[in-house]
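Two complexes are shown next, each including subunit A; its partner changes from subunit B in the first to subunit C in the second.
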Partner chain A sequence: MIAATEVPGWGLPEYVVRRPGGLYRSTNPSTKLAIAALEVVAAFAVPGWPGVLAVFAAVLATAAAARCLRGLAVIGLATSPIVGSILLINLFLLPGAADPIARFGPLAPTWSGLWFGLQTVARLFAFSAAIALVYLTTAIDDLLADLARRGLGRRAVFVVGAAVQMVPRTIERASEIVDAQRARGLDTEGRFWRRARGVVPLAAPVVFGALTEVEERTLALEARAFSAPGRQTLLRVPPDTIVDRVLRWAAVIGLVAIVGLRAAGRLG
Partner chain B sequence: MDLLKRWVARQFTTRVIVLMPVGIAIDIVLGSTVQQALKLPIYLDSIGTILVGVLAGPLAGALTGILANLIWGYLLPAPIGSTTIGPFAITAGVIGLLAGLWGQLGIFRPRRGGRASIVAAAVAVVLVGVLALYTYARAYASPDQFVNITGFQTTDFDRSRLFFLAVMVVYVVLVGAALYLRRDVGAVFAIGAGLVTGIVAAIVSAPIAAIVYGGVTGGGTDALVAAFRAGGDSLYQATLKQGLLSDPMDKMITSFVVFFVIGSLSRRFIARFPNGEKALGSEPDVDSPAASES
Partner chain C sequence: MAIELLAVGYRYAGASRATLRSINLRLEPGRVLGVAGANESGKTTLCLAASGFAPGVVGGHLDGTVLIDELDTRAISTHALALHCGLLFQNAATQLSNTTATVFEEVGFGPCNLGLPVDEVVERVWWALGAVGVADLAPRDPDRLSGGQGQLVALASVLALRPRYLVLDEPTSQLDPAGTALVADALARAAAETGAGILIVEHKTDVLARIADEVIVLAEGSVALAGSAAEVLSDPRLQVLGVEPPARIRLEREVRAAGIGWSSTLAEAIA
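And now, the complex of A and B:
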């Protein structure tokens, strides 16, 4: 809960003037997005291990500095099912691989499969971590305020902001609906056809419940001159220092250079 | 140029702008919680996108799909958020675009006729079933016949047979159930549109799954990819075949749910959206409570 205390001398509520503190957290959101884009492109466009390892090292160092290694670890754990799948399928079933590590009856894990699986997993981790670092260190309203300052329309800002706010509420409601339908005898654990019959009883109340808000919200927005012409006045704009701008342009130039070198076949 | 501007502006009224986050939330919530509760081998993550596309238009649908995947992938914290969803934003965009096209063509409008049209639709479904059975008996009786008729390799025989049978069974069952439950021929069109959307979604998502994730996404469909790869398929072939098995079924079910939802909403609510008139059709809905009130 944000305390709406007044900041002496400014005459504005605290939530309007608060500044994110700490290393990397205080970096401008657009700069973080540009750096993440560079890291994602580097992880996929640079062949072999160097690109992936460099991105991995950069992300881990930044996360340590921003004190969000624990958050990254949670996201790493969340990707464990896909990691397991990638390793197992490639280890045993990489087409054309003919260098077995061992034989277990019809199964023969291969070195090529292991190598390819590890590389894919490393790319996945580097890609996920680079993106996750942005949202672990950036408040959504800061990101939206910065994008709005750079010309993103109020409609786009509203759509993203409202969706992010609406998802947790709708999830809570969906869980209640699942519990209620189970209490009324809906079989969610039985055979395939019994479970398939539950799609409409579960999906329809979630959809209808969410749609009930549309009319009221439309009227509320129109009453607040949502579709009026002209630019919106922003109460709070995240700082954009010279360091931020230099970093952002460096990331954009790096990104273009990697894509160009890859297209020209200079990266191998 | 002016016509294009008006066409774009028409799709982004305040009501549509309010509907888009609702569609995004529906995609994410049904794709995570309800799908987990039922443990079905389908995604259920595009109901909101198709709903917005059908009611608002192709651009609004495409944007809803893209934003849903980007928000789900990159803005929501774990365990709701999942970075593996993000790259499939392109597929979601194409699904929304197609849904908007179906909406503009009036595919999802109810076609409640008399008994004659229902019987005609039922006869059409039986004919499709008989044709499917004939094709199945001709082409899939033996691997040799399959190779002669289709020109594909023998190794594709069993998998193609499984795919063909599964899609036809789901199509006939869904259409039959829709006709029985809704007494509405429009369900046939909506589920047919779902079939086309599913095939396109599979073609678009296969290279993404192959390039970004090495063909696997951590879901139940990974077993299918593993089976295809064990049969000697390349990474792209395996992901495409897996997609062609699961996507058409998922989108047919999703389209049926959207058709059901649109048919259950009040006419006044639907009519206020850009494609509302096309989603309603010209004939008055004699069964709806809204119509009987007025």
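And now, the complex of A and C:
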């Protein structure tokens, strides 16, 4: 074995220590999570428009400061099918609504349905924007390191990390399998029904392939002392300033207050 | 000090017949033992048994005894096994933790699991990357490496635990010739620099010819041939056992069959 003294004396590289730039990006990940939780609760628990509009304003201002408005817009677009269906259902089918905007044969969109649909959609947007903002401005390993520092077990941390990282990997794998199936004559393009039929020969290899990998991954983890007792060493710990702590506690208190006021019926 | 398999037999849970039968072998630090054999001959199972992961992690029933530095593997915890014996598989992608942003952190994953001080983790990572010759990959994203690079990072990740032995299950099987050469170079380097005993299962006998001191050939879970790498890899029974001899041996046979004299000068020129 090479003795430790023979090793070049290089330290922890900057790309491992990396500190995110900007006020919001450099905020502690747990603080961001607490703020996002407050925003989600405020958007849903405060009746009418004030809560949801306040959350929107806060999220958009933060996103602008963190320069991730474009990312938010993309995620907003991704939710458009759900948004569209919520609007349509409420517009035409809100129970008890009796203030039609117009009549199209048996269909009658209503003002109260439109109003309720818009509010629901706004809440949904506020919810997804608050979560997306954390996702867009936080490196997953920063979040994991912070959770680990706060005492979350290494298995739980690993599960969260692996689950997040698994998404792009599964997409990549599915794409490889689609290419392989196409090379063998499977038609996956064209009309919806044809595409839907193409999912069946894709799903089995993706799911079974992932399951087969589990055993090898487990062995590989064990071969790297994953089950060793004691706390894991953290190479990088995200900063947790006094401002972070104040903000975090304020968010927690705000969240509890909103839930309490709502439960007491003081929010209208 | 050695990995010793004494009359080892192994049967997977639920299997009706044994995958390994009466295996005896010894691997000392600083030596490289190559293992060849046809598909289903028990090579991967031998890796799992020799490293203590069978039955420790995968279950099943082990007959005989596997000793790592005189410790019975059945009496050692899994994480302690990892400190004695590093295990590397075929597919680099399944050996990465998938939770790290850089190769540096990936290689540090094992030492971090041990709870070592940061300074020691850092020192081990640089050492392991250097031993495999991939220090320049340290800032890269582990998910964006080529197959050969990924396998080298996986090897460095195992080395960072500073095991006395390495068990490698077909580390080049998914690599092209360039990737194979890269990994073979790194293994030769790691063997020389770390002084670890290496048990390597390999279909590519050219790799074994290059780095192995001894070679065994498995057939139906038993040792069919054993001896020095030069002896075993030139044994005429090799092909019958489903193992392709190294290119040099095949060329020598073709040359001799064509009635052309095979000289040591020619052999050296080819090497």
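The criterion applied here is as follows: the second predicted complex is superposed on the first by the 234 of 268 C-alpha atoms of A that agree within 3 Å, B and C clash if a C-alpha of one lies under 4 Å from a C-alpha of the other, contacts with A are read in each partner's own complex, and residues count from 1 in each chain.
One rule holds in what follows: a contact is a pair of C-beta atoms (placed from the backbone, for glycine too) under 8 Å apart; a residue touches a chain by one contact, two chains touch by 3 or more.
Fair warning: this is a prediction, and the values are worked out from it, not measured in the lab.
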Touching partner for A:Val55 - first (subunit B), second (subunit C), both, neither: neither
First (subunit B), second (subunit C), both or neither touched by A:Leu38: neither
First, second, both or neither for A:Ile171, with subunit B first and subunit C second: first
Touching partner for A:Ala210 - first (subunit B), second (subunit C), both, neither: first
First, second, both or neither for A:Pro81, with subunit B first and subunit C second: first
Partner with the higher number of touched subunit A residues, subunit C or subunit B: B
Partner chain(s) touched by A:Leu114 [first = subunit B, second = subunit C, both, neither]: neither
Touching partner for A:Leu255 - first (subunit B), second (subunit C), both, neither: neither
Touched partner set for A:Gly230, first subunit B, second subunit C, both or neither: second
First, second, both or neither for A:Leu221, with subunit B first and subunit C second: both
Footprint overlap on subunit A, where subunit B in one structure and subunit C in the other make contact: 140, 158, 162, 166, 169, 213, 215, 217-218, 221-222, 226-227
Residues of subunit C that touch subunit A when the two form their complex: 48, 51, 53, 57-58, 77-79, 81-83, 86-89, 91, 94-102, 104-105, 108-118, 120-123, 126-127, 130-131, 138-139, 143, 154, 157-158, 161-162, 164, 193-196
Contact footprint of subunit C on subunit A as seen in their complex: 1-2, 4, 7-8, 10-13, 15-16, 139-141, 144, 154, 157-158, 161-162, 165-166, 169, 213, 215-235
Subunit A to subunit B touching residues, read off their complex: 44, 74-75, 78-79, 81-86, 88-90, 93-95, 116-117, 120, 123-124, 127-128, 131-132, 134-136, 140, 155, 158-160, 162-164, 166-171, 174-175, 178, 188, 192, 195-196, 198-200, 202-204, 206-208, 210-211, 213-215, 217-218, 221-222, 226-227
Partner subunit A, residues of subunit B touching it in the complex: 12, 14-15, 17-22, 24-26, 28-30, 32-34, 37-40, 44, 47-48, 51, 63, 67-68, 71, 73-84, 86, 211-219, 222, 225-226, 229-230, 232-235, 253, 257, 260-261, 264-265, 269
